Amino acid sequence: MTSTNSTGEPALRIENLDKYYGTFQALRGINLSVQRGEKIVVCGPSGSGKSTMIRCINRLEQHNGGRIVVLGTELNDDVGNIDEIRREVGMVFQHFNLFPHMTVLENCMISPMIVRKQPRAQAEATARHYLEKVRIPEQAMKYPSQLSGGQQQRVAIARALCMQPQIMLFDEPTSALDPEMVSEVLDVMVTLASEGMTMICVTHEMGFARRVADRVLFMDGGEILEEAPPDEFFTSSRNERTRQFLSQVLGH
Amino acid sequence: MVSLLRNQKVRNALLQVLYVGSIAAMVLAGIVIARRNLADQGITSGFDFLFKSTGWDVNFSLLPATANDPYWWYFLIGIINTLFLGSVGLILATIVGTIVGLARTSSNDLARLLGRTYVDIFRNIPLILQVFFWYAIITHLPTPRSAHEAWGFLLTSRGLYIPFPNVGSAAFAAATVAVIAAIVLPAWLGRTSRLAQPIGQRRAIQLAAAAVALACAAIILALGRLPDTPLLDFPALQGLNLRGGLRIPPEFATLAIAIAIYGGSYIAEIVRGGFKSVGTGQVEAALSLGLSPWRVFTLVRLPLALRAMLPILANQYVWLMKATTMGIAVGFTDFFMIVALTINHSGQTLEAIGILMAGFLAINLSLAAVFNRINKAIALKGNQLRG
Amino acid sequence: MEMVVVAPPAPGRLEDLRRRFFATPLQAVVSLACLTIMVFLVWKLLNWAVFSAVFTTSGGPEACQAAAGACWSVIAARWRIIFFGLYPYEGQWRSALACVAVVVMTVLSCIPAFWTGRRIALVWGAGTGLFYVLMKGGVLGLAHVGEEAWGGLALTLFIFVTTCLIGFPLAICLALLRRSELPWISRTTGLIIDGVRSLPLISILFTFAVVLPFALPQWLQGDKLYRVILGSALFFSAYQAEIVRGGMQGVATGQEEAAMALGMRYWQRISRILLPQAMRNAMPATINQFVISFKETSLVVIVGFFEILASGNAAYGTGEWRFAYVEVYAFIAFIYFIFVFSLSRYGAFLERRMSVSER
């Protein structure tokens, strides 16, 4: 896989993506191309299909039409491809989804050990390295329920990073957090961005978008209505709906 | 080929076909082998045997039964026996369970202790052991000649003899229906006419309905009374045997007692759970309105508790119905025992097992349907109380 | 106005009693009635079981029958048949040891330290293996004793343990199949589970013991004992499967999604993420199911096995002890009671503890 995409192949290519829930069309002809190292922020009103789109990228949802090519591998019915893509794509959820019956360290070690077949010592070293990086090395032996929301979300990020993915997906990582914990999670994400990770973030944190995004997407009704660099997006948006949305989000 | 196997859709289809196919194949193979084996023993498969006479007797039947009767009639008798034993057991168990359950939720420490002891003992001993125990006790009772007597009841090793009205069986059945109507009718009226009349009037209508039904029962009994006999027929010793009254065979009595006691211990826990689920807030609110403790119980705690326990109670009743199959341990001809005897005598194994499954499926489904209806009715009432 | 707070006088003992049991006339009546019933029952029971009872075998059955109370001599005379059935006399220590092994195994599996799939499997595998070797013999210089000679408590425990051992994994499989996304698989499994659940256990035991031999080729029929165990396991698993499925429904969907996003395969997700959490949720109901299943083991007496109930029937059924049926049943009931009561108390304890830790 790695040999085929070394040249001009983007990290992610989505063409004419359609997604239906029963008869309801959640995504309509989405087109998106993300280069390696690029940071994309996706925003839009509730129900616009943001989660659906990024969940299609690692097959948590199955798309009904169009193509998704991740790191040169097409996401289709081939089970091998799906496994390969999930190994290379990390995801962070709104509600953390840590495994409550494992310690923080075990949460971070389990996947490298059973999916990547790393020896225990190596997996533990990696886990401790990333826990250090998200600034909670001292919590390694605790259980998730003993941590604050912000700490849990940082563990979730560390857990995803332990698989050493090439792309990271974030689905509203801060919207379930108390306001004072938002920044500690965003700081970790900014650091990650500065190290060149390819990132796709669904978030309404516009400050974060301004600071790290290469491009901001605006979605509504299952479509991408606008796609622009942040300064352009925030100042001179052409689209009426985007301006309306921005005034609501930035309004207070 | 390999890449085809890696395809998720192909895989899913293959898995489903394999799973369903292998199960179907196993069942089919079993049936084919069984038919061949049975044919070797000279048994032709098919349901023709239902119309042949059985050649053996049943020891308990509410319908007339002789060894000349065909199999289908025996199956019917079996089903009715199961339903009859089940209903008697179910009613007795509910009475026992309610009393013990109320004792367990009472504010009196002694009553609670008594209730708890009962539940702990009878819940933790297998039902079949209790059946054996009661059967041994009853069959070791004195012979009719030296029977225990109490209030006209006779306890003997040949069964329990109870006084019985001197009426024809048709009249008795009709009177039973009327008594049931006296119970069901007011409840039904209370539901359907709830919005139409004010409460006082509704009460009167309900009472009137019950009274009319009971009067009907009395009239039927009076009319159906066998000429020149006393109203109640008391069992009494005549020569070596007991005459008169109604004989409850030891097998039936054993099972009814065992199911009542064992089932009662389970129902007691359900009743307790139901009352526990009624929040203290509701009770306090009612008390603060100045309602008497009795009215709080009948108007608030009981309806709410009933609603909470009904679904679990339904499961328990289904279980009790199935427990009648213990009949085979003491030789009571319930549905299952009839099936087992049929297999023994006629060899129509597959057909009999099929009938057994269909019978229990039908019993389960109809019980579930009845309880769903009651559940809906009660749930409605509960909402009104909350609102 | 001045507020005067007066502490109520500390109630004396008598006052305390009065408040608890004689607060109102109705309360007084209830208390007195309960007290009478209790005193009467306890006195009757003690008198029968202890004061007027005969405990020694010295007088033989005749002296015993003449006594006003219980005749416990029947137990002294017949305990071997109740516990061991027809197991050869000189090997009965093996049967006793096998029962101890099962009890130890059960106690061990109640300790939370053993609650990982591997450890539980190890404990049960080792316990059952030990039981089997002790009972069957044929190795290590133990004389061979065929299953047809097994009986009494040992047979009851064997049937129970093997039922669980086969039924539990089967239940997990059925639960997983029923929640499968593939409609035909979940529907077929649902049909099997609901079908088995709608039937009485006795009819299933009967079918497996008597009817199945017709439907199986000769080489597959096996021993009647193992067929009955299979039927009993199937019944157990149909109920347990619904319990496990309930436990799985209690696990947040996000858990499986997170596992998927981390690249775990189906079996890895199930065994590492879903099952550990689901089994924890299902623990109290599971223990309850074990209790029920232990009680129902006694039903195999109906298809003709010499388990503890049948051996009890035999203990008083022949000859001189014919009158002592109450004592024998009381004794067997007591044995069942010890097992079932302790297990169900443990289940209740666990439930309380879990509901506290949830808060």
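Here the chain labels run A, B and C in written order, and each chain numbers its own residues starting at 1.
Here is the rule we use: a residue touches a chain if its C-beta (ideal position, glycine included) is under 8 Å from a C-beta of that chain, and two chains touch if they have at least 3 such contacts.
Fair warning: this is a prediction, and the values are worked out from it, not measured in the lab.
Asks: Take each protein chain as a node, join two nodes whenever their chains touch, and name the resulting shape: line, ring, star, complete or other.
Replies: Graph shape here is complete: every pair of chains touches.
Asks: State which chain is most central when centres are taken as means of Cα atoms.
Replies: Most central by this criterion: C.
Asks: Based only on mean CA positions, could you tell me how far subunit A sits from subunit B in angstrom?
Replies: Subunit A and subunit B have C-alpha centres separated by 59 Å.
Asks: Between subunit B and subunit C, what is the gap in Å from one C-alpha centre to the other?
Replies: 25
Asks: Using mean CA coordinates as chain centres, what's the gap between subunit A and subunit C in Å?
Replies: Each chain reduced to its C-alpha mean, subunit A and subunit C end up 50 Å apart.
Asks: Mind listing the subunit B positions that touch subunit C in their complex?
Replies: 12, 15-16, 19-20, 23, 30-31, 33-34, 37-38, 106-111, 113-114, 120-121, 123-130, 132-133, 136-137, 140, 322-323, 325-326, 328-329, 336, 339-340, 343, 349-350, 353, 356-357, 360-361, 364
Asks: Hey, which residues of subunit A end up touching subunit B in the complex?
Replies: Listed in rising order, the residues of subunit A that touch subunit B are 77-80, 82.
Asks: Which stretch or stretches of subunit C touch subunit A in the complex?
Replies: Contact set of subunit C toward subunit A: 252, 254-255, 257-265, 268, 272-273, 276-277, 280.
Asks: Any idea which subunit B residues touch subunit A in the complex?
Replies: Subunit B reaches subunit A through residues 3, 6-11.
Asks: Which residues of subunit C touch subunit B once you look at their complex with the stated criterion?
Replies: 20-21, 27, 30-31, 34-35, 37-38, 177, 182-185, 188, 192, 195, 198-203, 206-207, 210-211, 214-217, 295-296, 298-299, 301-302, 309, 313, 325-326, 329, 332-333, 336-337, 340-341, 344
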